[in-house]
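The same chain A turns up in both complexes below, where it pairs with chain B and then with chain C.
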Partner chain A sequence: MMSVRAMKAALKQQAIHFFVDPQWVIPSIIAPFIFTTVTLFLFRHTGGDLMLYAVLGGGVLGMWGNTIHSSSWSIGYDRMNGTLEAIMVTPAPLSSVVFGRCLWNAFLGLLNALAVFLVAKFAFGIDVTVRDPLGFLVALAATLLSLAVLGMVFGAFYVVTRASSALFQMLEYPIYVLSGAMFPLVVLPEWSRPFSYALPATWGAEALKIASLPGYDPLGLGYMGALGLTALTTLVFLLVSLWLFSFLEGRAKVNGTLVRY
Partner chain B sequence: MSDGEAVIEAEGLTKVYPAAFRLFGDGGREKLAVDNVTFNVRRGEIFGLLGPNGAGKTTTVKMLSTLLIPTSGKATVLGLDVVRDAGKLRSRINLVSGGERGLYFRLTGRQNLEFFSDMYHVPREEKRRRITNLLEIVGLTEAADVRVEEYSRGMKQRLHLARGLVNEPEVLFLDEPTLGLDPEISRETRALIRHLSEEGVTILLTTHYMFEADELCDRLAIISEGRIKALGSPYSMKEAVRNDSIIEVEARELGEAQRRELADLPGVSAVSVEHLEGRQRARIVVANAPGLIPTVAAMLESRRVISIRVDQPTLEDAYIKLVNGR
Partner chain C sequence: MMRNVTGIKASALVAMRSQFAVVGPVLWLIQIFSTALFQMWFFVLVSDFAGDPAAGPAYVALGNAVSSLTYAAVYGVTMAAGSEKHIGTMASILGTPTRMYYVFLGKGAYQSVIGLFTVTVSLLLSSWLFGVDLSGADPLTLATVLVVTCFAMVGFGMVIGSVGVYLRSSMVLGSIVLYLGLLLCGVNFPIAYLPGWLQPASYAFPLTYGVEAVRRVAMGAGLADVSHLLIVMLAMGAAFYVLAYLLFEVFERLALRRGSLDMF
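Our next item is the complex of A and B:
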């Protein structure tokens, strides 16, 4: 069902594309950077943990923005480029190709988060010491993985239509808010919580905050609890995306929509 | 080669594209693109699907290469069902489509081939050897590490072919492989296709050029409006016009109305009109050309006729007769 070889090849391909084409620097590096800077500026009088909160928000947002852009790009690009059929005719599952590319983008997000921390520390002089550095790194990796998987869910729709991009760009911002990356979950309205809780990024961000902010745990999950929920929701989305890929590939093969751009 | 085993078997193959879903406006119509098509391709053969634009060639090839699910009918390639055994089949076939698209233009030629080799799990050592070899065969060794965006049209097409060979397919589908190529590069491409065939690859190619089918194919099917109109060797196709002769008329004011009038004359089985600079050339396929000349001359009197002569039928005439004729 998955091909590691195809994933690696796709990751490498995505990396080459990144280095060759500087336009990706804007959504993946500059945008989250500006986002964080603005946030830090707004919060500059509050001080303390809230500042770190903003740094984390910017970091996670950076990763998220990156992943959603890459998912927009991945199959959409192949469709535009005429390579979708060239991949489909091989035995490698399309989902593996997309996953590999999303992994690269998530990795970029990691570098991004690092950049955000450095800016916070050296440009704004914020204390960015995290409480549990190892836990923080593990949670970060888990969050990245969950974002890659969520990217796949979006990516699948490009198999049937190119109209997907408008939809996902619309979804990007609500997800910033719902995942609690930007604001604490508890300040969001009651009705939005089910959406928040369904997102792996929510639990990833929660685990990150628990690992970094002393005494932070508004939902009483504990670090392992938040990490476990990240893993669980990620797994659910992974299964959803695999199912979506096979379902939508089937649709495309009936309707003949693989080539229409 | 005539008694080789069948490696492609299509039986009653039919594709109806469903009406497109649209949020606004007309939902579009269902489209019968391939209508009950039956043919076999034997091992080692070059088999051609010849037909005009929109005939259903690409649709047929996509069904056979697992990219489209037939609406009805059945097809097997290498004994594997193209729908049920698609996964198993894919590692043993490949598809190359003509045109500029279908390569990663930001990657080099070699990187493109590496990527697609990985999709087939070609073992690493073998991968290096095979890619070097393929680049050599298609004459891209020098340009291997140059980005595809800098390739010429012909180089891209050769890289396409190399991509189609990374898994050493037993059956290769080529959809209009010379589309949009200039004559020189088309010739090179055909030579390459012949070379592959000599290496034992079974090839199904589509084209709308009669001469290309004639030059390359052991057998071919003429397809029009989704149906097979004739099937056999290029030689046997010519048989279709063996007892015919041709009246060739050049004039300055020949249009579709005249073409239809001519086609309705007794004994006429097909008429084609070719538009040249400032004049038109009609070729009338008819049983008895000399006998019909006076009628044709009278009919076209007011059309500024330049010349009328009798000619021998060519393969082109056979094709036109088989596609349009009665």
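Our next item is the complex of A and C:
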């Protein structure tokens, strides 16, 4: 179902693309960077843990922004360059190729977290010490993985449509809102909370905050609870994405729209 | 002169047709609505949680509604040159009798229409969903402010977009300008919050004056009360269009000399 070799190759290829022309990371991370900086300005009078809260949320937004942006463009470019068909006739499953790319893109989103960290530290003078560094790193890895899987779910749709740029713009901000990365989930209206609970990014952000902020656990989940929910929702999304890839790949082949640009 | 006017019209028509070539009208409308809605919602929730009385949810929603103009009026115009380069049609444009500046002016004219539509939708959403009170606003004054803001912002976009004739792509520059307004132009918090050294940069963006003018109109100000802001935007806009004309000439020549017109 998934090919580790294809994932590694796709990750490597995506990394090479980045190093050939690193400027392309700017359009992917500028939105989450500005959103986080604006949030820091709005939180500036609150001080303390709330500022760190925004920094952590900014990291999640950055990973998501880069995943959705770069992943949509990477399939879009394959379509434009006429290489999408060539990828699909290789023995490697397309889902593995896309997952490898998404993983690199989510990882690169950490550049945004670094930029936010520097702004927070030097422009706002925020103490960015985390309570449990090991727990933080594990939660960060889990969040990165969960966002890559989420990117893969949406990536499946780019196989059947030329309108990947429009889709990416529609999907970027809803996750910013629904993940509750920048504010507690209780701030969201009740009707929207089930959508938040279904997202792995929500639980990843929660685990990151529990590992970093002393006394933070508004939902009473504990660190392991938040991490477990991240893993569970990630697994569900992974299964959904594999099914979607299989279904939509078949549909694109029947429609003969793979090289339509 | 007549040739330039025809060029502008033709370019605007091509921009309109190509808009729906890939993304259909329904998907495009959903994109406009959802982007405006979720961006506003995000900052409204952040401001609600932050509890800063000087930058409350209604303040933030109104600022974001006005800044939605940036997407078409600045980013759309900035991206025009980059997109032509991307699809390999830049040399064909140069081969027409119309100067490149007028071709992109036509695209800017089309983006103005889209921008004004977007900002209208955003203002309605901000009023319906986020408690922005527009009951005191005179519709004619509000429309005038938005048209003048759009005029200045398209000029600003033309200046930035001209660089795309020479550079490999204008996307990077366009992306930066698209979001910088949220930070610098009094959209989400008063400009006074910015560090002193950064505040002068705010006044280089026409959006700053546009947001301020709309805030005043929403509070009941008439055309005379915001006339100084309109004059500044008109002057800035005129200066931007002249500068863009000169820059298109310069970058066109440089790109021809360097052979980078189709480089992407």
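One rule holds in what follows: the second predicted complex is superposed on the first by the 253 of 261 C-alpha atoms of A that agree within 3 Å, B and C clash if a C-alpha of one lies under 4 Å from a C-alpha of the other, contacts with A are read in each partner's own complex, and residues count from 1 in each chain.
The rule is simple: a contact is a pair of C-beta atoms (placed from the backbone, for glycine too) under 8 Å apart; a residue touches a chain by one contact, two chains touch by 3 or more.
Everything numeric in this text was worked out from a predicted model, so none of it was measured.
Student: Applying the document's definition of touch, where does A:L42 land relative to chain B and chain C: first, second, both, or neither?
Tutor: second
Student: Which partner chains sit in contact with A:T129 here, chain B, chain C, both or neither? Use first/second/both/neither.
Tutor: neither
Student: By the touch definition at the top of the document, which applies to A:I34: first (chain B), second (chain C), both, or neither?
Tutor: In the superposition, A:I34 touches chain C alone.
Student: Overlap of the chain B and chain C footprints on chain A, residue-wise?
Tutor: Common interface on chain A, chain B vs chain C: nothing in common.
Student: In their shared complex, at which residues does chain B touch chain A?
Tutor: Against chain A, the touching part of chain B is residues 15, 17-18, 20, 59, 62, 65-69, 87, 90-91, 93-95, 97, 99-107, 111, 114-116, 118-121, 147, 163, 167.
Student: In their complex, what parts of chain A are in touch with chain C?
Tutor: 23-24, 26-27, 30-31, 33-35, 37-39, 41-46, 50, 123, 162-163, 165-166, 169-170, 173-174, 176-177, 182-184, 187-188
Student: Write out the stretch or stretches of chain A touching chain B in their complex.
Tutor: Going through chain A, the ones touching chain B are 3, 5-6, 8-10, 12-13, 16-17, 20-21, 81-83, 85-92, 97, 250, 253-256, 258.
Student: Going by the contact rule at the top, pick out the chain C residues touching chain A in the complex.
Tutor: Those residues of chain C that touch chain A are 22-24, 27-28, 30-31, 34-35, 38-39, 41-43, 45-52, 55, 171-172, 174-176, 178-180, 182-183, 188-189, 193-195.
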